[in-house]
Amino acid sequence: MASPVIVPPAAPKAARATRGAARRAGGRRLLRHLLRLLISLAVLLVASFAMLHLIPGDPVRAALGPAAPVELVEARRAALGLDRPWLEQLAAYAGNALTGEFGTSFISGQPVGEVIAARLPSTLTLALLATALSLVVAVPLGMWAAIRTENGRNRGTDTAFGALTGSAVAVPEFLYSIGLVSLFSIALGWLPPAGKSGPESYILPVLALAIGPAAMIARLARAQTARELSADYVRLARAKRLPALRLHLRHVLPNTLTATLTTGGLLLTALIAGSVLVEYVFAWPGLGARIVESITLKDYPVAQGVILVYGVAVLVVNFLVDFLIALLDPTSTLKES
Amino acid sequence: MRIENLTVRYGAFTAVDDVTLEIPPGAIVGLVGESGSGKSTLARAVSGLVPHTGRISDGRRVQMVFQNPYASLDPRMTIGQSVAEALLRLPARERGAEVERLLDLVALPAKVMGSYPRELSGGQRQRVAIARALGAEPELLVADEITSALDVSVQGAVLNLVRELRAELGLSILFISHNLAVVRYVCDTIAVMHGGRVVEEGPAERLTTEPAHDYTRALLAAVPRLTT
Amino acid sequence: MRNRSGLAGLVIVAALAVLAVVGPLVWGAEAERMDSTAILQGASAAHPLGTDNLGRDILARVLVAGQFSLALALAATLIGAVVGTVLGALPAVLPRRGARLVTGTVNALVAFPGLLLAMFVAVVTGLGAKGAVLGIGAAVAPGFARLTQTLAASVAGADYVSAARMLGVPRHRILVRHVLPNIAEPLILNLSQAMGASLLALSGMSFLGLGVQPPDFDWGRLLFDGFPRIYVSPEVALGPAVFIALAGIGFNLIGDALVKAARRAAVLAPEKVAAPPAAEQERDPHAVLEVRDLTVTFPGGVTPVRGLSLAVAPGEIVGLVGESGSGKSLTAAAIGGLVPYPGVVTSARLDLDGELAMVFQEAALNPALKVGGQLAEVATVHQGATRAEAWAKAVDRLGHVRLPDPARNARQHPHELSGGMRQRAVIAMGLMGRPRLIIADEPTTALDVTVQRQILKLLREVVEETGAAVLFISHDIAVVGELCDRVVVMYAGRVVEQLPADQLKAARHPYTRALIDSLPDMSTDRSRPLASIPGRQPAPEAVGDGCAFAPRCPLATARCQAERPPLVDDVACWEA
């Protein structure tokens, strides 16, 4: 040991905050996000209630057509509660919605809650599989492209990656669906063209739904990785002569992932909407086909219920993404958003 | 000009804590401290950019020159247009000549009027920022770390300029820096800030030779020196 | 390369625009002509893409539909852009509560996918183009609002806006002269992408039968009509599908190219530089580092380091000092083998005797990993230590650089430590091995002076204890003068002088002297002006044949302009 007089370095503000305090701050943040989620859900509930009331004229008459007898229209109006004051209606609607009660279909007479319960699992499976597939493929692909083209190396890869993902992002999922069906079902006959049967029936819909978001996430991951690669900590890690694999997986990946998810999270909600189109093409027994049908046929209770479910899905996905980022990012517990 | 009991709070955090400071006419008062000492917040409060409590008497015409010369000029405006913004009170036809005079004051040729900030070096941009501030005929010029983004070889010229402007225009200047040697060279009196408070204040020569406060002593001891 | 894809996008979109204008004029009649003898046909010579249920030619209808498809997308985009920009600008003028409400609403809406909002609107307005356009417009708006908000906030916080406010420039003038011009460009760039997205979303709505209704038709509607027939004659869906995809790709390519063009500077083509064979010269047996004729070249004749020679003795602290652009950091990178692609390093000799450690600024710690792990991996990777051994060693080294609680600090993330503690940790990382040379690149630049002093002291202690040599790179000649045994001064990629640190005040090179004189210290005469150096250092591609400092030098002669002075007797100057 050298000189005996040592000035101890001052403890920083952040370090003075104990682990407990950090955890409390993280807890507060989680609570705030939860609160925001609840408010958003309430607003969404009001919006879906208002939807029916924003329809110009009488929605029941519009749905049943001019030829329908007056008694039937009146009975339907009463069943929907449209003859009561609107605040009372809202209260009833909210109360019912919370218990999974969304009225009955104009067309089939089936309770909307049952329709949703029967069809939601199919939609969820599709969306989750597509999410998993796009993340698993896109993040490594984007990182690989960034590492290969660092500082302008490998122009060929750069051009190919840019053109491929750029085009893939710009083609909508319904075209992927039609293209995949044409090729693999009609031309080659390898896979079923529609419906949900065995595991092989999942392949095409999941692919169609995943390609677009995967391309977008790959681009984000690449841009973010490129940024990370020029960061000081990478220079330091290189100076430590770490093997490339360790440098990229242990040092770069965690940083890339947080930032990619922050922007990529929104894509997962886009995927929820995309599932409507994909389900329509593949006649998938999920909510997507049902919502299209209900809007076309003016089956308002079904449309209202299903749109509400989609809205809730979007809000919950956002909440989960925020939560995940908070878990991944070591600085986030102390950082106020 | 006199700053009395000035306090700036950000939520529960007190950045500037009850600071009282006198800036006599024609004097250069230095403000030194480390990051987080509150010196830059004080500068912004005096310039009216940050809400604060306390009194600033005779502080009507204050102009500030910022630390980063790359951010303080609008990239889409020519140098002439940027400086002319300080001269809106003049009729449009008189502004050109006045801009020229101001640029001359900071030793820049008139031909830079048509240039954009990106065509100028950091030192030149800092001169433009000073010229713009002078255009408003300030009673007090606040200079916030104006040389810390500059290379050493340019820094000397900007410091000389600050001293010349005081000599020629009798300008009062609040000069903020983390560099005690720079502050000692430029300023008449020095105030040392630590944790949002002024811990010591006095004539530059005395404060740097006979510091009274422990923190001032620590700062002085930390100044790197060339051995001879 | 990317410009080429932008060009491709431009060509596609221009072609579509021409089609939109010309299509209905040329094929309008053909698209409406019914033929009861040719109902629901597949491809034929007369009807390359077949016919629809009324015997109308599908190809003609696809070519005509371009106008309506693009017009609807344009309408939705404009609605979205106008509403969004207004929404985004509102928080700037509203009182705080109103502003927060608008911001909150926008933030919530941004998350909602366009199709969902469009379906919501479709329920309310009924099926048709109007509902779809309004819905998609509503979906585009939050994106623009968010962008406007972020941009406006960053511009409003800019120093030049603060300066204008202090000058008493009126609010409306600040908005018009400063804020709007600086946010307009990115907003306009965003239009192209929004246009593509609108077109795809509208096509999607029509494809679901929720958008355009007969007798009107857009590409999405044609796809809706053709879709049930793809099992029999897939070609009927081909036309609209291709055009939708083309339009989407075209707008997206343009958008990408615009964004990139706004962002990036020209990248020069790489160029091969052959390394000269290392001349066999006598090696200095006492040096831990010996560098001769080190040159770093980048494509385009950019040569930031030019024939630099340097030797460091064991246990010696050498300062490498220079202003930004002098090549000092690239010299360090070249010695450490860290010059980024496409830089090319050549040298007559680059000998390093023993292990090298590099120390950077404290910000160089990986923010995502625990401090201890970042140290420990050096031992697991290079010394074959087990994880437990490596961790123990990391804690030991952290204690060595006198972190207050090494065991706890090792488990912390970098942001939980102060700047000075982080800098200590970075030094500790260098001490995980047994370095004979430590290269420290501006390790104290971001630190406060009192902390800087502690770090300098620590470095000296490390040298005394380990016997390692230090190459200390800094722009601050005072710091270098205080810490180092010997100082090497760089200018425009070359060494102009080297001298013992205690001789700095007696420097011979006019540049070194000017550097020292322009830097006030605690004994500077306050009654005299500081020295300053007119002009600026030449850029690495603009260094001429003569002395690079000559244009700024008070002593320069004709010889200095023409002929470069070699480093003789530790100084490179004809006049010294």
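The chains carry the letters A, B and C, assigned in the order they are written, with residues numbered from 1 in each.
Keep in mind that, in the parts below, a residue touches a chain if its C-beta (ideal position, glycine included) is under 8 Å from a C-beta of that chain, and two chains touch if they have at least 3 such contacts.
Here the structure is a predicted model, which means the values were calculated and not measured.
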Going by C-alpha centres, which chain is most central here?
-> C
Farthest CA centroid from subunit A: chain B
Averaging only over C-alpha atoms, locate the centres of subunit A and subunit C and give their separation in whole Å.
-> 28
Where the CA atoms of subunit A average out and where those of subunit B average out, how many Å apart are those spots?
-> 50
Per the centroid of Cα atoms for each chain, what is the distance between subunit B and subunit C, given in Å?
-> 31
Which residues belonging to subunit B are in contact with no fewer than two other chains?
-> none
Hey, which residues of subunit C end up touching subunit B in the complex?
-> 158-160, 162-170, 173, 177-178, 181-182, 323-324, 448-450, 452-453, 456, 475-479, 481-483, 501-502, 504-505, 514-522, 524, 526, 529-534, 536-537
Enumerate the contact residues on subunit C facing subunit A in the complex.
-> 1-2, 5, 108, 110-116, 119-120, 122-124, 126-127, 196, 200, 203-204, 207-210, 223, 227, 230-231, 234, 237, 241, 244-245, 248-249, 251-253, 256, 267, 270, 336, 338, 340-342, 357-358, 360-361, 363-369, 377-378, 381-382, 402-404, 412-413, 415-421, 424, 426, 429, 451, 454, 457, 460-461, 464-465
In the complex, subunit B touches subunit C at residues 34-35, 47-49, 62-64, 66, 68, 71-77, 82, 85-86, 88, 121, 129, 132-133, 135-136, 151-157, 159-160, 163, 178-182, 184-185, 204-205, 208, 218-228
The residues of subunit A that touch subunit C in their complex are 1-3, 6-12, 14-15, 40, 43, 47, 51, 54-55, 62, 150-153, 155, 158-159, 162-163, 166-167, 169-172, 174-175, 178-179, 181-182, 186-187, 193, 232-233, 235-243, 246, 250-251, 254-255, 258, 266, 269-270, 272-274, 276-277, 280-281, 291-292, 295-296, 300, 303-304, 307, 310-311, 314-315, 318, 329-331, 334
